[in-house]
Structure formats: structure tokens, C-alpha cells
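The following pair of complexes shares a single chain, chain A, combined with chain B in the former and chain C in the latter.
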Partner chain A sequence: MKKLLRDSGLKGWLYLLPAILFLGVFMVYPLIDVFVYSFEEGYNSASQTFFGTGTYNYSYVLHDPYFLQAVKNTFLLVVITVPLSTGIALLISVGLNSIKPLRNLFQTIYFLPYVTNTLAVGLVFMILFKKTAYSDGLINLMITWFGGTAVDFIEGPYWARMFVLCFYTIWVVMPFKILILTSALASVDQMYYNAARVDGTSKLRTFLRITLPMISPMIFYLIITGFIGAFKAYSDVVALFGTDLNAAGMNTIVGYVYDMLYGDSGGYPSYASAAAIILFAIVLTITCINLLVSKKKVRY
Partner chain B sequence: MEMRSNMETDYLKIEKNARIRKRTVNVITYILLALWALIVLFPFYWMLLTSVKSYGAYNSENIPQFFTLSPTLENYVEAFTAVPLGRYLINTTIFTLATTAIMLAVITFAAFAFARLDFKGKNIVFVLFLSLMMIPNELVIITNFVTVTNLDLRNTFPGLILPSVTSVFYIYLLKENFEQIPDSLYYAAKVDGTSDLKYLFRVMIPISKPTLITITILKVIECWNSYVWPRLITDDENYFLVSNGIQEIRENGFGRENVPAMMAAVVVISVPLILLFLVFRNKVMAGVSRGGTKG
Partner chain C sequence: MEVTLQNLTKKFPARGRKNREDVIAVNDFSYKIPDGKLIGLLGPSGCGKSTTLNLISGLLKPTGGRILFGEDDVTGLPPENRGIGLVFQNYALYPHLTVRQNILFPLQNLKGKDKLSRAAMLEKADEAARLVQIDELMDRKPGELSGGQQQRVAIARALVKMPRVLLLDEPLSNLDARLRLQTREEIRRIQRETGITTIFVTHDQEEAMSISDEIVVMKEGVVQQIGRPQEVYDNPVNLFVAKFLGTPPINVFDGEIRDGRLYIGKDEVLSVKGVSDQTVYAGVRPEGFVLHKDGPLCCALSGVEVMGRDISVVSRHEASLNPAVRAIIGTENSVDTGSALVRFALKPGKVFLFNKETGERVRGQANEGEELLRP
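And now, the complex of A and B:
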């Protein structure tokens, strides 16, 4: 039998060839190249020449007010949306698990944002929140119903713009979280609940002492993927505020990378590379911290 | 005697209270769930509603109206005639089908090599592949942009498609699936003189169909919604995908700001995936919980 399989040595590589080729050209080479770019100073994309090597690109990026604004926006977005969306998703999933009729319908509805085009629906959100010359828009109408004053969420004050962005981001990421948490909740062994009921344990205590520890690995998984996803926010921001994010003051780190590469202020792959590597370092650090915390807190 | 009846009424009281409490909790649960459903559905309702309001009616609404008595389809006509929406849809379809098809071929062969074939260096290559899963797209897109530009592939389909025809994660998913097929089938086929390729197509692919369908659906969703790469690589409207088309419409489509026509375009773009989801609901949800990442 062994001999029969021996002859597949070259064949194995042949089957792998397309994958290796594509990964090599579009992933491995770029990965090395991005580091090279980030240390080449004064790179000119037209003549493909550079003056020297060093850390100037990094210091340029770190001192660029647009980059600092982007970092601030991104961190705010992460800090607000990750805990909020995970918490609300947990609440909704617990609710979903406790009902029978209409559960399928609710699940189907909740999943819809996952299969919609972020850019397209973002446009609808913009229309809903925008205040124009002739109409205050729907959300502002509702605000005035409750006695508030209308505010332009798209071009108005910073907190208002941040609010729409966070709201839309939560709307977009919710389906995935609800899906994962409902299946995690459903897979908790019914035996534990029966035992708790026999002991007369209260609902809240059952939830805190049984349900939460049992699904904690999934919650941590969602927090980690949530952090990574929110740090890379870009298309939903474009959907709400347009492509010129620096002018709107709503740029994100990823947006900064793309703007440096291409677009109105583009043509600087070196700065873009440095910013991308800084982003990668931030995400990696936070993921490691998350993993360390989860090692201590989560029982698998 | 009296004591007993007292106990009974107490017991009934407690039971009644518990029933009332349970019902209240139930009602609150339903209200909260319905509230979130409303928040999810409302933007869809609003885009449908706005897309059937006439341009004049919409612009004369100082206070937004929650329904319309005179629906019109003129915005849909406008969406297809004033901007090349049909072109965007065709481009996206070509892009989605080609990317998905090529990727399926690439990952199937790779997964087959990892799962079934025996060759030197296989394990090292596999570990290297897995380590690539950690690399975010944002890190490699810069060089890819330069590569594709230098190859003169901007504003072409190969330039759009080629960078996204491999996925280490899907190779991994498929390999796990292939490995569950019993070895004895392979040996039997070998003894019968069946070639590897024939075995792959006749046995492994049919058995792994559910996983392949899941991967296909996930990839189709990803392709239909992709924005960043197409935006970098195309500036010729003839090669725009729907996401870029929408952005283009938003920034300078329809002459003036024609919101109803924009919403008609949004509806047209959203419908295909929503239909796909409603038809393959269980497959999509199972697939996303296994391999989804958005969020």
C-alpha cells in the first residue's frame, strides 16, 4: 500500500501549484514587500526610486493629524460598539431562546443585515439621519416628537456623526453575533438547568452561574473577532460619510491607508505601508491581551 | 382543618403569582424582540417606500411620510437609464461567478493534495498556509495595488478577480471535510486503477457537496458586497461593481440629488442576495456560523 502512494510526490505539488502561485504572488510577496516599502524613504511611485531607508515614514504617519484623528475615531468606534453589540446580542439571544412561536421568523429577520450590501444600506441610513435644506429627515422628526431639537447627524457635530457610525456598525455586526450566541445557548446541556430548577435556583443566578460560564468561550470569540472587525472599519464609514473621509473628519485607520495609497491625497505607498503595519501591530497586541484575559477567565 | 385550607390558598396564590410573573416576562421578551426586528426591518421598508415615491412628491415632503398613496415605478426606469446600473449588475455577476468558480477549483485541488496525497514537505507547507490566515487583507493590498497597476491590469476583469481566488480558510475547511472520507474508499479505487483526478471528481466532491455549497454561498456574498479592492483597481465606469456604482451614484449620479432614484438602485442591488438568503436560509446560516467573519 505504501508503495502505491509513494509515486504521488510530484503530483501533490502539482495539485497545490495554483494555490501556491496565487498565495505567493498576492500574499507572501506583498507581505514582505509592505515592510520594505515602509522603510523606504521618499519613495516615488512614478519613477520607482527612493532616497534611503529608515523610520521616517513611521514618524511622518505618527505625526500626521489626519492619522491621529483616524486613530481616535477608530478607538472610539471599537470601545463603544464591541461591548454594546455583544451585550445587546446576548440579550436578544437569551430572549430568542426562551420563546417558541415566531422564533424562526425573528431569526430570519435578524439575519438580514448580513446579506445586504454595506454601501447600499448605508445610503439608506444616511437618508434617514441627514438634515437637508428642505427636510430634517426621519430621525430628526422622531427626535422632535419627544421634544428634542433636530441635529444634522451626517455633517453636524462630532458626537452626532459618531453616534450614527456606531449605530450603523452595531446594526451591521449584530446578525453574526446573534447567530453564534443563539447556537451556543441552544447547545448548553438541559441537564444543568433541570438540576438548578430542582435546587430552586433563581433565574438570574442560573443565568450568571450556569449559562454565562458555559457560553463564555463563544462570548470571548465574539469579542476578539469584534475587536478585529471594528479596528478594520471602513466601508460602512464610506457609506455614511462619502469617500472624502478626511474632510468629513471621520476617517478610520484603514481609510487612512487607502487614502494614502489612492484617492485625492494618494500616491504614497510608503506612508500607507507604515500605517498598515501600525494597524496590524495594534490589532495583534489587543488580540494577545484578549487571549491572555480569556485564558484566566474562561473555562473551556 | 382551617390551617390546611390556608395552606392551600397560599399555595394557589404563589402559583398564580408565578404564572403572572412568567407571562409578564414573556410579554416583555416579545416586545423587546419585536423592537429589534423593527430596527432591522425599518431601513428596508424605508428604501422600498422611498423608491416608489415620485421625485416631486418626495421633494415636497417637508415632513417625511410613512406611506404613499400613489406608488410609481418611474424611479426604477430612471435608475436603469440615467446611470449604467445594468452594467454594474452585469459586471458584478461576471466578477462573482468567475471569482467563485476559479476559487472553487483552486481550493479543491489544494485541499485534495493536503487531505489525500502523500508527499515530502506537505506538513510544512500546510503550517505555512495556516499561518497565512493571520494576515489581514489591509497589509497586502498595498503591494497588490502596485502589482496589478504595473501589470497593466487596472480596469480589467483579471485585475479584479485574480487577487481573491484563493482562501486559506476555505482550503482548511474543505481539507477537514475530505479527511473524514474513509481511506478504504481510496484504496479500493486505487486497486481498481482509478486515477486520483477521477477519484476526486467521482467520490470526494459528491460526498463533500454540503461543504462546497456552504463555501460557494459565503464567497458569493463576499463578492457581491466587495468594495475596497474594486474601488482601488477601477476608475473606469465600465468596470464598476455595484458597491462602487452606488458610491458613484451617491456622489454624482442622477444630476441633482434624486433620492427616490437612488433608493430604487439600492433596492435593485439588495434584492439578489436577499432572495438567495431566503431560498437557502438554513444553508446560509449554518455556513456563516461555521465560517463567517463579518462582525
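And now, the complex of A and C:
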């Protein structure tokens, strides 16, 4: 028995068994199930019945204007927030790295949003942006100070709502990015900067030719996880615009999947599965492109 | 380029330590480094040699004193305006750039009238690479090179702008023993070919002695002795210098001068002229022992190590401060390993006397001693 265990590698599998069971039941099986549902037309989870198989679910979802709106919203969110948040985080980190006094204090301040409760953050954003019977919100107050006209950021024009959503997303992901980038910057060996100084390298060139390549693995890590995170946006949107996202025109792909399952128009697991698979395909494609680019650009 | 250091001093404030004094890393260092020479700054760790190098490079600002390159006072200049090349202990090659890009890097920083065309830059980079014999490795990344090759790239990068002064910080400490031998000769050759005044820092006395035109021995920020390696070795000014130079290290004994004679323990070993009666430390270089059956210094033999080129006789003596007395003798001698005792005569020129309190050299007339053999 002992010999059998050792020679066939069974022992190794035995050690892996708990994790495999857990992952299999809660991760792999549902994934396969979702894939299967997405091809079963009119699947009903209560009666476990469906009418037939085919690609109708995909065709329905792709022609649903709510889904198309959700895709548009999600892509806008991704395209705007990922580069902006990474760029701003890089600027702040470089700033933090180059000051000596109070660096720890600033680092703590920048990290605060990360440990702050989502509800508290929602409240802050409401005070900032929401128009109520009593006030127009802090931002509108400032806009009118400078002679502009107040905008309803929550129920007003599309661009205003999108602005709030992007602003919120950037603000929420910033602390983590700053944390990663400040530690990446701090890990660049001082001797490279000394060498650059002796050679009379300008500040900008030092940053572009030395600092940036040295921390590029971390930047790409942040971009990839940023893309994935933004594609999965849902809870933030609900916090800002409430649960009826289709009506608000601010739905995201994940929000659409949720609505198809549980929302007012819910009870359509087949459509939800198809939408989820489409999201999966999009994220996979983008991540592959990211990895290909990073292989070329990240230099070591 | 002649480099002059005038009363160079660097103090580091005593940060985070209450009631402590400032750390004086370099204390009142004055030295005129002749043009086109290779100078070794030598000392144990923490002696201020690297600080001195960083002061010359401009990466650190001195607390006091001046640095002159030729007639130029560069004390206040930032490193990039001093015209120096600096090779770091860990080479500091940019890992994401190829060897060629690394060597080109300093040239690409040139602005204004110094700006070179792309072709001229490549030409210069190739020239520097040929000088250090890495012209075949130009398209590799530093990570794909051995330690010795990286070292050469670092030297090429430092040389490509034709600096007025080349500074090397522990250039050989990251190399294995064999490569170290090879590279130090390489550094010597490159320095000779370019004729650039070169200052390098090392804690390895053998390294410094072997290639330097002059060595500077430092201890706790204070210069102990400056001179040609052989001169310093043959004529150390104090016990520290004597102990620091030489492998195997010098043997130190408790000694006493009585009536113009040096006693080590009970053994009367040399006659010394012009030295008053006192207790001293007597340092004897390993090669200062001569095996002699009637020799005055009697030691308890503990072992013989045959090295091929010579023989190392290890013995014990009650007055020795080192745990073992190590004598290096020629292979023409044969040591009776069965015997319990071994007797030596001493070569007068290899025996140095030092004051017991200050460690300063106690000098007699001319030679300190003359050989004293029992009749």
C-alpha cells in the first residue's frame, strides 16, 4: 500500500484532495454549469426544465438594448478609470517618494479610503453630489460659486452620472494602487539613482529611463487587475444609483447578469448565463492582450 | 588630473541617538594625488574610505575642507559637473538596458555643445567596450553576464565620457578569488592605457598593495599612512598599519628593551641601538624568521604547513599576542616535525617596535636591531 501511494504519486493527490474538492464543487462545477445553461433555452431553475438547445440566448442578449447600454457603460468605465487611476496613483506615489518629512502621515491619509466602510463612503459621495430638497450638494455649491449652473449628478444628464461613477471608482481603487506603487518605488535601489546622478541624467530622463522600467512589472500588474476589477463593477454603481440600474441607464454587465437572475425582470438564468459568458470572453480577451503587450514592454 | 584634498572632513550628525557625538567619518584628510596614478584607499570597514570616495565624487558634501581637480575647486560642484567616472560596488548597471545602452547612457545625457551625433556616440561606446574587452557582449543584458563581465561593463560606462578622475568603490569585492586576480590586473592595464587618475577603495590589503602606485591606510576616519605599497609595508608608522598590511599578518609579541637589547619573553632576540629601556610591542613579519638551531627565539612547535612555494611553521610562544606564531620559511629548510621546540633567529629589518600605549613606532638608529645569535 505504501509503495503504491509513493510510486503512483497518489500521495500527492491525497494532499491536494481537500482543495480540489472545494474548488471543484464551488468553482469548476458552477462554471461548467453556467456554460451549459447559456445554451439551454428557457431554462427554469425551479422545475429544472428547458425547451431546447441552441445559441438563441446569446442572440437575445446581444440584441437587448439594456445589455448594449450595460456594455457601453462598462467599457466607458474601464477605458476612463484604469489609465486615469493608475496615472494619478503613479504621480502621487512619486510625490510621496520624493518627500521626506510627513511621508508616513501622507501615506496613511492616502490609504484611509481603503479601510473606510463602503456605506460611509457612499454617504460622503451623497453629501458631495446628491441634490436633495435642502441642498444641491457640495460640488454643485462650488460650481455655482464659480458662476456655473448646478447639475444633477445622480439623476441628471448621462455625462454627469458617468462622471460621478468614474470619480467614485478612481477614488476607491486609488489607495491600493498608491500602496503598491510607493513600495515598488522604494524598492528601486538608490545606487541606480546615484549612478544616474554621476552621469548627469536629468530628473525627467531618470524617471522615464530608470524608474519607470524598474517598476513596470508592478504597473502592469495594476493595469491588469484594474481592467478586471472595472469590468466587474457593480456594487459601486448600486451604491450610487440604487438597484434599478436599467431605469437609471447606468447598468453594467455584471449588473445586467444580476438583474436577469434576481431583478424585477429576473427569473431568466439562461440569459444571465449567456451574458456572464460574454463578459468572461471579453475579460479573457483583454487580459490576453494585456499580457502580450506587457511581455513586449515590461523589460525584465 | 591631479586631485588635491585639503583638510577634508565629513561629519554625520548623530541622528536618533541621544547624547552621542557626531560621527566623524573623515577627519582632516589632506593629500595631493599625483596625476595619472592609481591610488588605493585602504582600511577596515567603517574607516571612512568609501565616504572619502563619495566626497570626491560629489555624492556627499564635505563638512569642511576643499577638493581640487587640478586648479579647479570642485568642492561645491554636483557630481555631474565634476567630470568623474564612478564604478559602484554592485556595478549599478541598469538591468533593463543592454550593455550597449548602458554604456551609451552617460553620452545621451550630454547637452548643448557637448551633444554628440548618434554615430559618434556608438563609436565612443565601441571604443570603451574594446578597451575593457567586452565588444562581443554589447547586445546582452547585464543579467546574462558573469560578475567579471558586469564589472567591465561598469568600467566602460564610467570611462566612456573620458572622465578626469575615475573612482572605483570596492571594485573586486563581488568577484571570486580567481577572477579577482585577473580583474585587478585588468584595472591596472586600463588605468595605464588611459592614464586617468584613478582612486579605488578596498578593504583587501593584498588587492591594494598589488596594483596601487600609492596606498592610503585609514582608520576611524583618520589617515594613518600614505606611501608606495612596499614602503608602507617595510616601514609602517604604527601598530595598526603593521597589522593591517601583509598576509599572513604580522606576529606581535610583548617585548621589553633592556640595555639596548630586545627581549621577547625570556628570550633575548636582538640588539637595538638608540632605544631607551621600556616595554614595547615587537612585531615580526612572518618572513622575518630564520630557522636556526641556535636561534634566540624559542617557540613550542605546533605544526608545519607545506604550501609548495614555501613552508609555514606554526608555533606558540608565551609572549605572543596572536594565538599562533606563524613563520614563513623557504622550502630549502627542513623542520623536524617530531621535535617539541623550534628555534628562530630574526631578520632585523623585519622587526618593528611599537609603543605600548600609543601603538606608534619606536625607532632606533638606522636599523632597529641587528641579528643576535647565541655564540
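The criterion applied here is as follows: the second predicted complex is superposed on the first by the 271 of 300 C-alpha atoms of A that agree within 3 Å, B and C clash if a C-alpha of one lies under 4 Å from a C-alpha of the other, contacts with A are read in each partner's own complex, and residues count from 1 in each chain.
Keep in mind that, in the parts below, a contact is a pair of C-beta atoms (placed from the backbone, for glycine too) under 8 Å apart; a residue touches a chain by one contact, two chains touch by 3 or more.
Since this is a predicted model, take the numbers as computed values, not measurements.
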Which superposed partner A:K296 touches (first chain B, second chain C, both, neither): neither
Name the contact category of A:P213: first (chain B only), second (chain C only), both, or neither. second
Which partner does A:G200 reach: the first (chain B), the second (chain C), both, or neither? second
Just chain B (first), just chain C (second), both, or neither: which does A:P18 touch? first
If we overlay the two complexes on their shared chain A, which of chain B and chain C does A:Y192 touch? Say first, second, both or neither. second
Counting residues of chain A in contact, which comes out ahead: chain B or chain C? B
If you stack the two complexes on chain A, which partner ends up touching A:H63: first (chain B), second (chain C), both, or neither? neither
So in the complex, the part of chain A that touches chain B is made up of which residues? 1, 4-6, 8-13, 15-16, 18-20, 22-23, 25-31, 33-34, 37, 45, 85, 88, 91-92, 95-96, 98-99, 102, 106-121, 123-125, 127-128, 134-135, 137-138, 141, 171-177, 179-180, 183, 222, 225-226, 228-229, 232, 234-235, 238-239, 242-243, 254, 257-258, 261-262, 269, 272-273, 276-277, 279-280, 283
Residue numbers of chain B touching chain A in their complex, please. 26, 29-30, 32-33, 36-37, 39-41, 43-44, 46-47, 50, 59, 61-64, 105-107, 109-110, 112-114, 117-120, 122, 125, 129, 132, 135-136, 138-147, 162-163, 165-166, 168, 171, 187, 190, 196, 221, 224-225, 227-228, 231-232, 242-243, 246-247, 250-251, 259, 262-263, 265-266, 269-270, 273-274, 276-278, 281, 284-285, 288-289, 292-295
Contacting residues of chain C [partner chain A, same complex]: 57-59, 78-81, 84-86, 88, 90, 92, 94-97, 105-106, 109-110, 141, 143, 161
Within the complex, which stretch of chain A touches chain C? 189, 191-192, 194-195, 197-202, 205, 209-210, 213-214, 216, 299-300
